[in-house]
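In this document, chain identifiers A, B, C, D and E correspond to the written order of the chains, with residue numbering beginning at 1 in each.
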Amino acid sequence: MQDRMIARAKELLADGTVDRVMGWKKGEFLYDATPAVFYSAEELDAGFVMNAFTAANVSKYLIKETKKEGKILAFLKPCDSFSFRQLMNEHRVDRDKVYIVGIPSWGKADMEKIRQKGITGITSIEEREGDFVVNTILRETHVIKKYDVYLEKCKNCKSKEIVVYDELLDGENGAAVTNSRFDEVAKLEAMTPDERFAFWQNELSRCIRCNACRNVCPACTCEKCVFDNPKSGLENKAAATSFEENMFHIIRAFHVAGRCTDCGECSRVCPQHIPLHLLNRKFIKDMNELYGDFQAGEAEQQRHPVTSYRTDDAEPGVIYTRGGTGK
Amino acid sequence: MENNNLREQILFTANADPKKCMKCGKCSGACPNYDEMEYHPHQFVSMVQNGDIEPLLKSESLYLCLTCMVCVERCPRNVQPARFIEAVRLAKIRQQGENRLTPQQIPAKIEEDTPQQLLVSAFRKYTK
Amino acid sequence: MEFLYYPGCTLKNKAKDLDLYARRTAEALGVTLTELPEWQCCGGVYPLGRDEIATKLSSVRNLIAARDAGRDLVTVCAACHNVVKQVNHDMATDDYIRTRVNNYLQPETPYEGETQVLHLLEVLRDKVGFDAIREKVVKPLTGRKIGAYYGCLLLRPSKVLAFDDPENPTIIEDFLRALGAEPVIYAQRNECCGAYAAIENENVPKKRAGAVLSNAKANGAEELVTACPLCMYNLKKQADGTGVKVTYFTELLAEALDIR
Amino acid sequence: MQVKNENWKPLIVAFCCNWCSYAGADLAGTNRLNYPADVKIIRVPCSCRVNPMFILRAFQRGADGVIVCGCHPGDCHYTSGNYYARRRMTLLFSMLDYLGIEKGRTRVEWVSAAEGQKFAETMNSFVETITSLGENKRLEDLRCKTE
Amino acid sequence: MQRIGVFVCWCGSNIAGTVDVKKVAETLGHEPGVVFSTDYQYMCSQSGQDLVKDSIRTYNLTGVVICSCSPRMHENTFRKAAASVGLNPYMVEIANIREQVSWIHKDMETATEKAIILGRAAIAKVHLNAPLIAGETPVTKRALVIGGGIAGIQTALDIAEAGFEVDIVEKSPTIGGKMAQIDKTFPTLDCAACILTPKMVEASQQENINIYAFSEVDEVKGFVGNFTVKIRRKARYVKEELCTGCGLCTEKCPQKKVPDEFNLGLSNRRAIYIPFAQAVPKVATIDPNYCTMLKTGKCGVCSKVCGVKAIDYTQKDEIVERKYGAIVVATGFEPIKVDKFEEFAYAQSPDVVTSLEYERLMNAAGPTGGTLLRPSDKTHPHTIVFVQCVGSRCDEKSEKGKPYCSKVCCMYTAKHAMLTREKYPDTEVYVFYIDVRTPGKNFDEFYRRAVEHYGVHYVKGMVGKVTPENGKLKVQASDLLDNRQLHIDADMVVLAAAIEPDKSARPLATMLTASMDTNDFFTEAHPKLRPVESPTAGVFLSGMCQGPKDIPETVSQASACAAKVIGLLVKDKLVGNPCVAHSDEMMCNGCSQCQNVCPYGAITYTEKEFRMPDRTTAVRRVAQVNPAVCQGCGACTVTCPSGAMDLFGFSNNQIMAEVDAICK
């Protein structure tokens, strides 16, 4: 697929449709590809990469890119396209300045999980039906079940559909997939409050406030974050106590509620492996249950569940009386 | 005191609130058996409210309410007078020896086409 | 279309026509009525007192049996309908009654009013449809001026029975129109016939049923139709000599479908 | 483990909308309807002005309970403010519950300008709830508390 | 750093009785930034205010905290006092230590402690206060009156006479409303038409009044002083400017079987019609539901006979857009449908009528020419039964009726009974009542006259059943005082149906963002002190749309409403509330979420060029708040994730400072 993408990018650069390309660039290792902009065919040949580790969501970069002159080519995976569509809803990106080629994604691998299998020194990774085939520096070949090493976000993929594009690399679009992404949330809900408290204390107390989650999140696109702004009354660049970690993550989840497309980047990038997606998913699950199914970024949406209401909405007390959230 | 207990018991059985009554008299205006009765639907409501229950217990009116529910249906305030009459009637027939109807009386009352329903309902209403 | 059928005691005895033609016409209209096994008498009148628990038990037993069989329960007799539907409503809405009844009966699963209780007329209106009936009428009752007699039990209390507008019902009139008859609307159609007072006070039904009959007649009715055996009894007594015929609605239906 | 504070009294912050609930609180005062002094009211124009940040901040600084009062749904002075507040608070409460905070530390109650009685009753019952839940340990910022 | 003065009021013993005011003043005096702190017996008195003013001058105060009664009581008093000595009024904050402290707590220690905490919170807030200046907006000097009944007409006339232009929008073809259908008016018994029609003519001739009859309001935009309203002028199929109202077309129209709304269907009219002789504007209207020409394209009689060629079968609805400074709602009422009360046999017998129908049957211009005849057989009725409270005073949960008293029925029923007995002394008249409610000048005297002088039978009780039989209406009713059931063979039964707000009121309220109660009556800005204003600025209430009332009350409210409108229109500029939202463009993301939740449409977006740190420029989409439209609810501030949107007077910082002060 990488070759086809490079070929198509070259064509589009050559015929003047775009003047640069948003994609992923080889890193020092195979698994640390990062989003990058390429300006020429040569750059593409030298660094453009697409493999089982190019999981990064590139949609957020397009906010800045579309403020610049000229048109950019962006390769969007299904989950990236949801984020991009949501950014369009929020007028954060200029659709006219992006040429979108939709690319399929059949799940990205989590290097941590591969390592945990005792595999190191990877030289190449190939995708095969249901498996990843990994070659290492020691000339070993490992065949790993894809599902075992999927990133969390891919394990619980919500959709293979590309919701916004100019063309599709494969000519075919995917569709929503059935998933059990709320199971983990439900599991937590079924615990007692004390268990939940212990769970989250354990998770959140590890937070080092590196802000990776905020920086990667395509919904966290504020010109200036309230936590960085002395005028907000909340300025707090580093957490001093466990409470502030709570506060930061609750407020962050609240600020993206209704806008979070569940792309899973927050958990992917967290160096402390905090399952941050479980906070966002909790809101998504609540909103689906209380206010009807809603998927941010799925289509053109003016309002989301937090910026709309029904006169017969449930009262907040429902939280304390409804079943399923522990006894 | 005793009377007060009786009143509370009747209010419980009736499961309705006499204070809602605005004394319009529509229940008694609608009652199809008014002329046969000594005490009328609105009086049941008012007398239970006032604890003036003795006269009701003694009255034949208890057995003349047909439970047709027009008083309940047409009451603008949802007072449900029939429930008070029923509650007083129950207070009466639940006492020992106060059964209105005995099985011994039945054979004489049966006609060729008397439906079972009549006997069953009458027993339910008049006997405990 | 399949329902559980609750005939009630009178229909097995003095109101055999009501029962017989209910079954026959239902069959002709493609409705299967399966008699509820081992049904018990409803008690004839709804026990209005809140603390009347024992008198509600028999109705609840029937309701539980219907729930466990997983079907809606259809009644034909207006009294049975009234009692069973109201008790069902209590079980669905009144904690006090529900708790006590369940404590007493100890059913495997506590009963909470899950069964839907329908009167056959409701089935004809809402499930079969009067238009469908009109199409199946073979011998329309053309030219017959018939007054619907609703009485009390089908309509009140309307909040619980939710059968029709309690002051201006139309279901039987629409039914009559479907059979080709001409319904006669008269004010006394939803007033009491005298009911169980007949047992000890002849005067009451005489006056009440008399008023119903004269009002119906004055408005041009030549026949009356009812769904209640006790109304039938009270009305018939007073109708003697007036020339007004009283029949059950199932009889009329059978006649129009020509299966009488 | 902290020693249980014998002299502990709950600290409760009540956000009241200016048009209904604050007026309801005034009416409770006018009618001399008692409720505990533990309740401190902050006036906001509308329940929709209450930012979840404020509530978390109150807990952080040692509040034991936070209650938000607004006009009854349908009666909002700004027509729809309390409907938004209702959704926001529902979600916030759900999140707090999810994080294992005791149920009942937060509440929303609709109190009209005419409901002085209801205001006092609400505050009494809320103080009772918070008293039975005890000190807020899970959301407070110990650094702030020991100051 | 602010220089803050703290003023603790005793409110006589109201506060000082429970709160140690000296201690409060003393303690708060040590708070950072407080340069002066004192207490006084009555801070709101002239001398108390002077104390505040003097201290502001003496100590150069930049902020003031008053510990006193509720801000809802005296916030304005102290703001004005501060302003009078040059301190920005929004630098004043109130700590409510009366309603929230002294009146609800008995223990002095507890109360004092709480008072100090509330004082601290106010001080913390003042530290972050900034001077605010209210914005000004111009006022369009024209009013819109929606509804052309007596309420609307009176309001329009009063506004017009004060020299302002007024447009009346009336949904039916003529103004006049329900009063035009009424025969006589209580308690003076003068004829409604005789007093109403001159006002209708006056309205049509008053230069400042423009009547849009047969029109409806389609859309309302804007805010107090600056409304823009779209009015739909429904097609009459008659050119209003040409029609002379000669009525020839209405005589020649072959379609004669159209129920006449004006007579409530008791008679028929033609497909082209003028509702009644004194209609204003007196212009014919074609009813498209019945007109043969419009339905089948064949007929055209009216067009042929019209001398001025006013008929236009191709006419379409027309939308006009007008600007107004104030809007008056005068949408009036309707009697409820009595179909839920069929025990009275309304559907079964034409001789059971509603009171408004009875008005038409009594009226000289009505279907019977003023002779009282039974609708069924046009004979003279000898026994008439009036039933009061049909659908009024019902249980709150009732699905049939209304929980309120309709207020006018007792009096009009007394009027009907009296007039009937006066005109036809051979008629027996019964009135069944629950209570006779006659508060009003000469009202009870009027009712007593009906009983004592005219011999109307007033029966305390209610009709339970009406049975039409053999040409009679058998009325079964209770007589509670005699403790008996009455059986009356009546010829007519008249139902005093409850009144309810006009159906058009609810959609209109939505357009106006005006609030309504559960019964669809418009709510007042204050039930006692601002009864003719809606809580929505610039929207005023006139007549029955606000609640049941009789004609004299309606007219007085209409004039009161006009006075309020004039008070608004006479201003050249409106001073707004400065506590509005504002957006920090540097932080705004342009995401539109605030716009989505704003109930007033106060937020718009614009593309703005920004210099970036790297010296390039970028165009960003940013929110802007129209301070004249914003009402300051703050919905936007919470929706804004970046905190760019904040509220003056209740900023994030200020509220958080209060939280901190309380939780210290």
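Here, a residue touches a chain if its C-beta (ideal position, glycine included) is under 8 Å from a C-beta of that chain, and two chains touch if they have at least 3 such contacts.
Note that this is a predicted model, so its numbers are computed, not measured.
Considering the contact criterion stated above, the chains in touch with chain C and with chain D alike are E. Taking the mean of each chain's C-alpha atoms, the chain whose centre lies closest to the overall C-alpha mean is E.
Taking the CA centroid of chain C as reference, the farthest chain centroid is that of A. Taking A-E and B-C together, the chain pair joined by more C-beta contacts is B-C. Centroid to centroid, with C-alpha atoms defining each point, chain D and chain E lie 33 Å apart. Chain A and chain C have centres, each the mean of its CA atoms, that are 63 Å apart.
Centroids of chain A and chain D (each the mean of its C-alpha atoms) stand 36 Å apart. Averaged C-alpha coordinates give centres for chain A and chain B that are 71 Å from one another.
The residues of chain A that reach two or more other chains are 226, 233-234, 306-307, listed in rising order. Within chain C, contacts with two or more other chains are made by residues 167, 191, 211. Residue positions 343, 465, 597, 639, 652, 656 of chain E are each in touch with at least two other chains. Contact between chains, using the touch rule, shows up for A-D, A-E, B-C, B-E, C-E, D-E. Within the complex formed with chain B, the chain E residues making contact are 343, 389, 393-395, 397-398, 400-401, 432, 434, 460-465, 476-480, 483, 485. Those residues of chain C whose C-beta lies close enough to touch chain E in the complex are 165, 167-168, 185-188, 191, 211, 214-215, 218-219.
Listing the residues of chain E that touch chain C in their complex gives 339-343, 345, 347-348, 465-470, 474. Considering their complex, residues 584, 586-593, 596-597, 605, 618-621, 639, 641-644, 652-653, 656-657 of chain E touch chain A.
Chain C makes touch with chain B in their complex at residues 8-10, 13-15, 41, 43-52, 55, 77, 79, 152, 155-158, 166-167, 191-192, 194-201, 203-204, 208, 211, 228-230, 232-233, 236.
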